[in-house]
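As written, the chains take the letters A, B, C and D, and residue 1 is the first residue of each chain.
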Amino acid sequence: MLIVMRSHATPEEIRKVCETIEEMGLKAHPIPGAERTAIGVTGNQGEVDVGALEDLPGVVETIAVSKPYKLVSRELKPEDTIVRVGNTAIGCKALAIMAGPCAIESYDQAMTVAEAVKKSGARFFRGGAYKPRTSPYSFQGLGIEGLKILAKVREAFDLAIVTEAVDPESLAAVDEYADMIQIGARNMQNFSLLKLAGKARKPVLLKRGMSATLDEFLMAAEYIMSEGNYQVALCERGVRTFADHTRNTLDLSVVPAVKRLSHLPIIVDPSHGTGKRDKVIPLSRAAIAVGADGLIIEVHHQPDHALSDGAQSLYPTQFERLMSEIGQIAPVVDRTLT
Amino acid sequence: MLIVMRSHATPEEIRKVCETIEEMGLKAHPIPGAERTAIGVTGNQGEVDVGALEDLPGVVETIAVSKPYKLVSRELKPEDTIVRVGNTAIGCKALAIMAGPCAIESYDQAMTVAEAVKKSGARFFRGGAYKPRTSPYSFQGLGIEGLKILAKVREAFDLAIVTEAVDPESLAAVDEYADMIQIGARNMQNFSLLKLAGKARKPVLLKRGMSATLDEFLMAAEYIMSEGNYQVALCERGVRTFADHTRNTLDLSVVPAVKRLSHLPIIVDPSHGTGKRDKVIPLSRAAIAVGADGLIIEVHHQPDHALSDGAQSLYPTQFERLMSEIGQIAPVVDRTLT
Amino acid sequence: MLIVMRSHATPEEIRKVCETIEEMGLKAHPIPGAERTAIGVTGNQGEVDVGALEDLPGVVETIAVSKPYKLVSRELKPEDTIVRVGNTAIGCKALAIMAGPCAIESYDQAMTVAEAVKKSGARFFRGGAYKPRTSPYSFQGLGIEGLKILAKVREAFDLAIVTEAVDPESLAAVDEYADMIQIGARNMQNFSLLKLAGKARKPVLLKRGMSATLDEFLMAAEYIMSEGNYQVALCERGVRTFADHTRNTLDLSVVPAVKRLSHLPIIVDPSHGTGKRDKVIPLSRAAIAVGADGLIIEVHHQPDHALSDGAQSLYPTQFERLMSEIGQIAPVVDRTLT
Amino acid sequence: MLIVMRSHATPEEIRKVCETIEEMGLKAHPIPGAERTAIGVTGNQGEVDVGALEDLPGVVETIAVSKPYKLVSRELKPEDTIVRVGNTAIGCKALAIMAGPCAIESYDQAMTVAEAVKKSGARFFRGGAYKPRTSPYSFQGLGIEGLKILAKVREAFDLAIVTEAVDPESLAAVDEYADMIQIGARNMQNFSLLKLAGKARKPVLLKRGMSATLDEFLMAAEYIMSEGNYQVALCERGVRTFADHTRNTLDLSVVPAVKRLSHLPIIVDPSHGTGKRDKVIPLSRAAIAVGADGLIIEVHHQPDHALSDGAQSLYPTQFERLMSEIGQIAPVVDRTLT
């Protein structure tokens, strides 16, 4: 931590701040500058509560320096993590492409879409059995029936299954039936759920919260890892801003930012990130070009009859085109499609 | 829903859009303007998935009109709701002032702070037994022990107890020991938890998510009410913006906005809303002046030794001053302190 | 400036960073912590360009510490500034209440509104002669004719005249005809215009930009003052966020934040800050309660016929009620209405 | 415009709203729905001031429908605009790559950087002669001397010159010496400057404001075009959000959004968009992949000695690598580098 003093702080004021720091069991390092003095603080394990310091005479502000994450950190583990999911993986040379409907609606719907996305080259199948919906009156998913359908999709097409868990009960079920547990944006700081995911056997796909800073995003992953599950992949899915031409603002710069600070892989969700079908392909190309480890894409054979999020779902032929275009970009970032 | 056509949309394009609407079982109402035609859509129950419509030739955009909330709506229930909590209430003429430490740390700490805030006129005691912390390595609360301490505080000082639940287990415990169940900002869209809160016997204090729109905030309350618990009070606690001079940006305009659309009471949390002790009193005055039904304030007798959020906790003497100042503002908005 | 090293930074990496700092003519102060070393940098006048440092091996990040403003700073001038405007002032015990139409439309309109706001106790008259409009096809103001009408308003009612300047030409005219030069939110970082305002004879009302941080807001005032005009008052008018229930999000916490860092007075504009007539009175009460030095309010005798921003203009009777309500709050913050 | 009525609005309330609309000289179209009535409004030229309507009994809200822009609109001109700049162009098959230092510092610096970027394939040279700086104490540019240096760069290397104008005086000078007039983000709503740019002979590069919506961005271009200068290219340069891992959040989705609504070309500035050197190349790849018509990149041969924005400037060898990588992506989006 760093404490910045006013430019006319007196020697007594500076001394008093140093004393208070030492009383907290920490060490004070005054740095006299031309205009003002700053005081470095060391010796703290994690957060220092700064109330007592900010109120002392002569103090302008306090600045946090330490990063609270450890296990997610590239400082701790310099080499990239590869997350194994079923028979495939995220973070290796082959891009991890996940595709499927927003929600599992029926056996026929799931099989139809799965066949299409498999044919275009996807290696993961996505589809919600438990849907967190803004309205209590909207379709909430098929639950356990949906998971059983997903298991059949895996059997039929050898696709790794990714699906969302929303509470302890659904997490246990997803852990049993699926290959990867998705934690949605709205639950990124549902710490109880994160801890349970940290005790699960399956790898976790953690989506960024709608207004999560990079530090918060990494700390959410730290929660999972601190319980012993090191198989975590991150997912950027757009953040909330004033901009209204897309449903969210897809923040692609977070991809290289994550890679600088952490060893975990990160994929991008342009379907939720834009909320508009005609933006999904351009932003998918951009996500691969920026260096993402993969994509998660909503595909539906009849988007206008979808029970949720039809407006952002691609038709199978559009997904095929998407795969073709990112396949051309992949080699530029030293990747392959399969 | 309203569909806006391009200015040079042809009659066939308009006809095709109307037909598609009718095929969806809805009714189309074309409104020809000087420059362009808009098409009203009626007959929908809730959300219409707009994918099929946005892609039709000639369509510029679709605009949602219907509000999805019902039970929270002032249209349904014009008169203000009063939420009964223990021996007191939120939403009546007397302001609901909740005060106490961020976290319950010990019996002595809780009793010391409770005595002080009671003396200054608070009628509710707040204090976390289950703490959602950004870092897994930070103090996570005393759990059930904390709840037992809170029960003793109620007994000793006749204060209504408000405390946070973070998962099914803690929710059951809070429902048993406390007078009001707090759902925190990070769980505002934890829909499973909201439904459980809707089945609880105690009233619920629902905090606004960090980037929740007013519609999302009201829909979260609708989740609780749709399960049968109509005793819900809302709480503004700051939203996330680019501004960095406070921890969050306290959005006081949401108070009159809620009152226009909903019958539910709303209080304000200037402690989390600013994150800075020296901003709590000015923003508390402002919250009462804008028309809030109460406040929730962090108070600690030794903020610099607090196990969490000390930097934003008031000293008891500061809380006393706060009560005096809002007591002077109360009559201007036709309120009283007690 | 502070440079944060990785936790496993080697002594050579630390030495190399220190050497680079010294080569830049600055002084390095290493602070070895339990986990990592931070390096304080002193000796810089203003900004340091950090490119060379961030790229060195072992560096995690650089943190700016110095505040670049001087003349606006309370460190330089501890006592509050009172800005004299015509026969009245901003920043003294009496609240500075400015009221009038968004735009000057005609002599009759101006006189009618001026009479009403004067009667209710306003001491400043606002009204745009040069209007920055989002659309080139909207009414752009009466220009010099508007200024002449404003001069007549002053003569007739002894109200201090505040009106906006948008370019060098209008600034010269406003400096001649009005009592205070308003710089609008869209021009807060129009540095050429700020410098011209710094050379004007009249005091300046500087509105916060829609996404200006507190530092940027104060630096904009510094621009004006650095040219020799120390008569600057600030104005909060709402910032841009994801929230859509008001046109902007009024950030009242900036009022105490400005008062902590600067000696300049600050007023609040709840008309633009909310964009909705029914929110103006509640937010005006809140602005006075939070400690603002005054208000600027749009009032129109026929808002539904206004040539701009009618939706947020108060009727004269509403303004009268506003004055009555803030008059009751004023004593709580040690203020008076007149 | 559309007016939404409460669900229990009475027939008289609806009639009264319709009458008020008709009194304004507009036409009302009631659309009775299952739950509520909405009322379409037609006949308005541009904005309707909605004050009178929002206050009527039974009205919930008003929704703007008309888009105020005309000349920028793809509805008016379906085919893409190609902006001619010197001997080159923006919006044709060849990508428009602009590169050069943040500020022109000296003849030698400009020539050194220009030689490097020309060699790597840039066809435009950027460099500020007039710098809008946050602090009045920072380097403000060489002014007319800088423009003369730029003119020599054009002569020596046949690069089209793009440089910023900040006020009437500098705009006249830039119009004389350069090939393209840049309007910076801070001046995007400096409408007086936009009008002057609309009267200039040279094409204009208009950067998006830090918190400009897409509509506001297009309206700023409309200002320029409404004065007769149809040669306008847009530039996304990052918007302001809560995210703090980059200086701004680069909003790449605005590229396809602009292309849907407008015929104007749009380029991307990843240097300001991220503010961090190590993010520039990944985001440049993404910008080309998303479909941008070009890039504007800061390059400096000695970034650590740059007088401004060194931290985000590329070394010439990095720019060479950037060109190589985007050259590989270009064919995927049917583009070429030269």
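Rule of thumb we're sticking to: contacts are C-beta pairs under 8 Å (C-beta built on N, C-alpha and C of every residue); 3 or more make two chains touch, one makes a residue touch a chain.
Everything numeric here is computed off the predicted structure, so don't read it as measured data.
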Distance in touch steps, counted as few as possible, from chain B out to chain C: 1
Remotest chain, chain B as reference, centres from CA atoms: D
Of C-D and B-D, whichever chain pair has more C-beta contact pairs: C-D
Interchain centroid distance [CA atoms averaged], chain C/chain D, Å: 25
Between chain D and chain B, distance of the C-alpha-averaged centres to the nearest whole Å: 37
Interface hub residues of chain C, defined as touching at least two other chains: 211, 240-242, 278
Chain A to chain C touching residues, read off their complex: 2, 4, 6-8, 29, 31-36, 38, 40, 42-43, 45, 60, 63, 65-67, 75, 211, 240-242
Residues of chain D defined as touching chain A within the complex: 211, 213-214, 239, 241-246, 249-257, 260, 273-274, 278-279, 282-283, 285-291, 325, 328-329, 331-333
Chain D-touching residues of chain C, taken from the complex the two chains share: 24, 46-47, 49-55, 68-69, 132-138, 166-168, 170, 186-187, 189-193, 195, 210-211, 216, 219, 222-223, 226-227, 240, 276-278, 303-306, 308-313
